[in-house]
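Chain nomenclature is as follows: A, B, C, D, E, F and G, assigned in order of appearance, with residue numbering initiated at 1 for each chain independently.
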Amino acid sequence: MAEEASEGSRIWRIVLDVLKPHDPSLPEFAEKLGAMEGVEGVDVALLEIDKETETLKITVDGELDYSKIRSKIEEWGGVVHSVDEVVVGQKSIR
Amino acid sequence: MAEEASEGSRIWRIVLDVLKPHDPSLPEFAEKLGAMEGVEGVDVALLEIDKETETLKITVDGELDYSKIRSKIEEWGGVVHSVDEVVVGQKSIR
Amino acid sequence: MAEEASEGSRIWRIVLDVLKPHDPSLPEFAEKLGAMEGVEGVDVALLEIDKETETLKITVDGELDYSKIRSKIEEWGGVVHSVDEVVVGQKSIR
Amino acid sequence: MAEEASEGSRIWRIVLDVLKPHDPSLPEFAEKLGAMEGVEGVDVALLEIDKETETLKITVDGELDYSKIRSKIEEWGGVVHSVDEVVVGQKSIR
Amino acid sequence: MAEEASEGSRIWRIVLDVLKPHDPSLPEFAEKLGAMEGVEGVDVALLEIDKETETLKITVDGELDYSKIRSKIEEWGGVVHSVDEVVVGQKSIR
Amino acid sequence: MAEEASEGSRIWRIVLDVLKPHDPSLPEFAEKLGAMEGVEGVDVALLEIDKETETLKITVDGELDYSKIRSKIEEWGGVVHSVDEVVVGQKSIR
Amino acid sequence: MAEEASEGSRIWRIVLDVLKPHDPSLPEFAEKLGAMEGVEGVDVALLEIDKETETLKITVDGELDYSKIRSKIEEWGGVVHSVDEVVVGQKSIR
């Protein structure tokens, strides 16, 4: 993504605030994310539930490509409200 | 569940908000969950107690199938109010 | 207790909210619990003290049978107000 | 103390709320407790200080006999207001 | 930077409060920082989001040169509101 | 101090609330305490500063004799307001 | 500094509340401190920022001489508002 990306620099973690309809269900949504290439772990927490939608805090770990993750979330009916945290570098600092 | 699930991706943890009648008792309910195939550990915490019902926070760890867990809970008289957290991936990120 | 209990699934921890008269004293009550078969550790904390009664938070660890614990507590003059947490499984998830 | 105490079950920790006059001083009081048979460690924290008295939170660790500890505290001029926590068992669960 | 810098003394961590327009996106911004020479890890957290701008808390770890980091942030359209923390020395004290 | 002190029982930590004039300075005061026999470590934290005095929270670790510590503090112009915590025993329980 | 300082007793950590003008910048200020003899690590955190000044919480680790640190801070235009904590002894108790 970044043109001057050095050897070995990568995104390790992305935390997203996402709105989605009830279908697919939260566990299905999490499993779909977990099955993506480069994704090693996913934690999906429910922040708010409404008659028609759910607001989720999604934490994705792995060797990540944000634009692909965002595309998939939109393909499954979700909307990324905000990117709340990104961890980048040669090694994780968390 | 997710059709494109990659080799090795699985649900490690599910946290549920469940309403149930007093019978079966909380310890019996926990034991039944603990005896399910794929379940390695269960923590059932009482959130609210009412004249006729109890609201529980149930944390299940293992190699999990959410639809089977939900079916069993309903079979035992419980209702899943919400799925509060799901952890998925090749390895646990908690 | 649970008829379909799998090999190796057991209750590891029970947290109880208990009301008891001043006699037996809190340390005697704790010692009696600690001496029960299957009980490995007990933590009894005083939540409230009244003219005639004490409210206790009792945490019991071991290989536990809730109905036996409850019977004993009642035999010693206590009343189980609520079961606040139960941890079950092949291994502890706490 | 408990007649049915099993082999190996013992009190590991007692937490007390104690009122005492200024004399003996807090350090002397702590040293006296620390010198009792079966006591391995003592932490005495000052909760409140008054013109004539001090309220202490006393945590005693070891292989403990509550009635002896209470007798000694009374002998030194203190009063046990309440037993706030007792940890019992074959092994400590703290 | 400091003329009398001793052998081995260096900046290990800088925490910045930065304002930036929505473009480049937060993940791109983080990747650009992570690709800089001397930078080993970057954590970019979103503090506030506005119609036209985002306020970020940026934590950079590595062997750092603050003036270069500041120049790059300005080159990418950001403004450093404040330097909130700097860790310096022969070894990290965090 | 305690006449019946058993072999091996000792004071490991004393926490004091102390009032002192500005001179000697807090670092000098801390160094003087740290240089006393039996003292292994000292942490002096400033709680309040006034025109003429400072209130300190002093934590002393080692093999301690409270009466000697108190005498020295008074010799250097300080007053012990209260002994806030004493840890005693064969081994530290902190 | 303390005349009766025993062999091996030293200051391990000093925490200061310092006011300084904007120039030198916080990172330069931190680097200067980090380059001093005996200083092993420095953490400079911004507490307040004003039109003309910054209030800093400075934590210095190493084998420290407070009077030298204070002189240098004053030489660079800063004022020590208060010494908030000093850790002294044969070994660190933090």
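One rule holds in what follows: a residue touches a chain if its C-beta (ideal position, glycine included) is under 8 Å from a C-beta of that chain, and two chains touch if they have at least 3 such contacts.
Bear in mind that the values here come from a model prediction, so they are computed numbers and not experimental data.
Participant: What is the touch distance from chain B to chain F, in steps?
Facilitator: The fewest touching-chain steps linking chain B to chain F number 3.
Participant: Could you tell me which chains are in contact with chain B and with chain G alike?
Facilitator: Joint contacts: the list comes back empty.
Participant: Using the touch definition up top, find the fewest steps from chain B to chain E.
Facilitator: Minimum step count, chain B to chain E: 2.
Participant: Distance-wise, how many Å sit between the C-alpha centres of chain D and chain G, to the nearest whole number?
Facilitator: Going by mean C-alpha positions, chain D sits 42 Å from chain G.
Participant: What's the distance between the Cα centroids of chain B and chain C, rounded to whole Å?
Facilitator: Chain centres of chain B and chain C, defined by C-alpha means, are spaced 23 Å apart.
Participant: At least two partner chains per residue is the criterion; list those residues in chain A.
Facilitator: Answer for chain A, listing residues that touch two or more other chains: there are none.
Participant: How would one label the connectivity among the chains shown: line, ring, star, complete, or other?
Facilitator: ring
Participant: Could you give me the chain order round the ring, chain E to chain G and onward?
Facilitator: E, G, F, D, C, B, A
Participant: Okay, in this complex, where on chain E does chain G touch?
Facilitator: 1-2, 4-6, 9-11, 14, 66, 82-94
Participant: Tell me, which parts of chain C touch chain D in their complex?
Facilitator: So the residues of chain C touching chain D come out as 25-28, 30-37, 39-46, 49, 59, 61-62.
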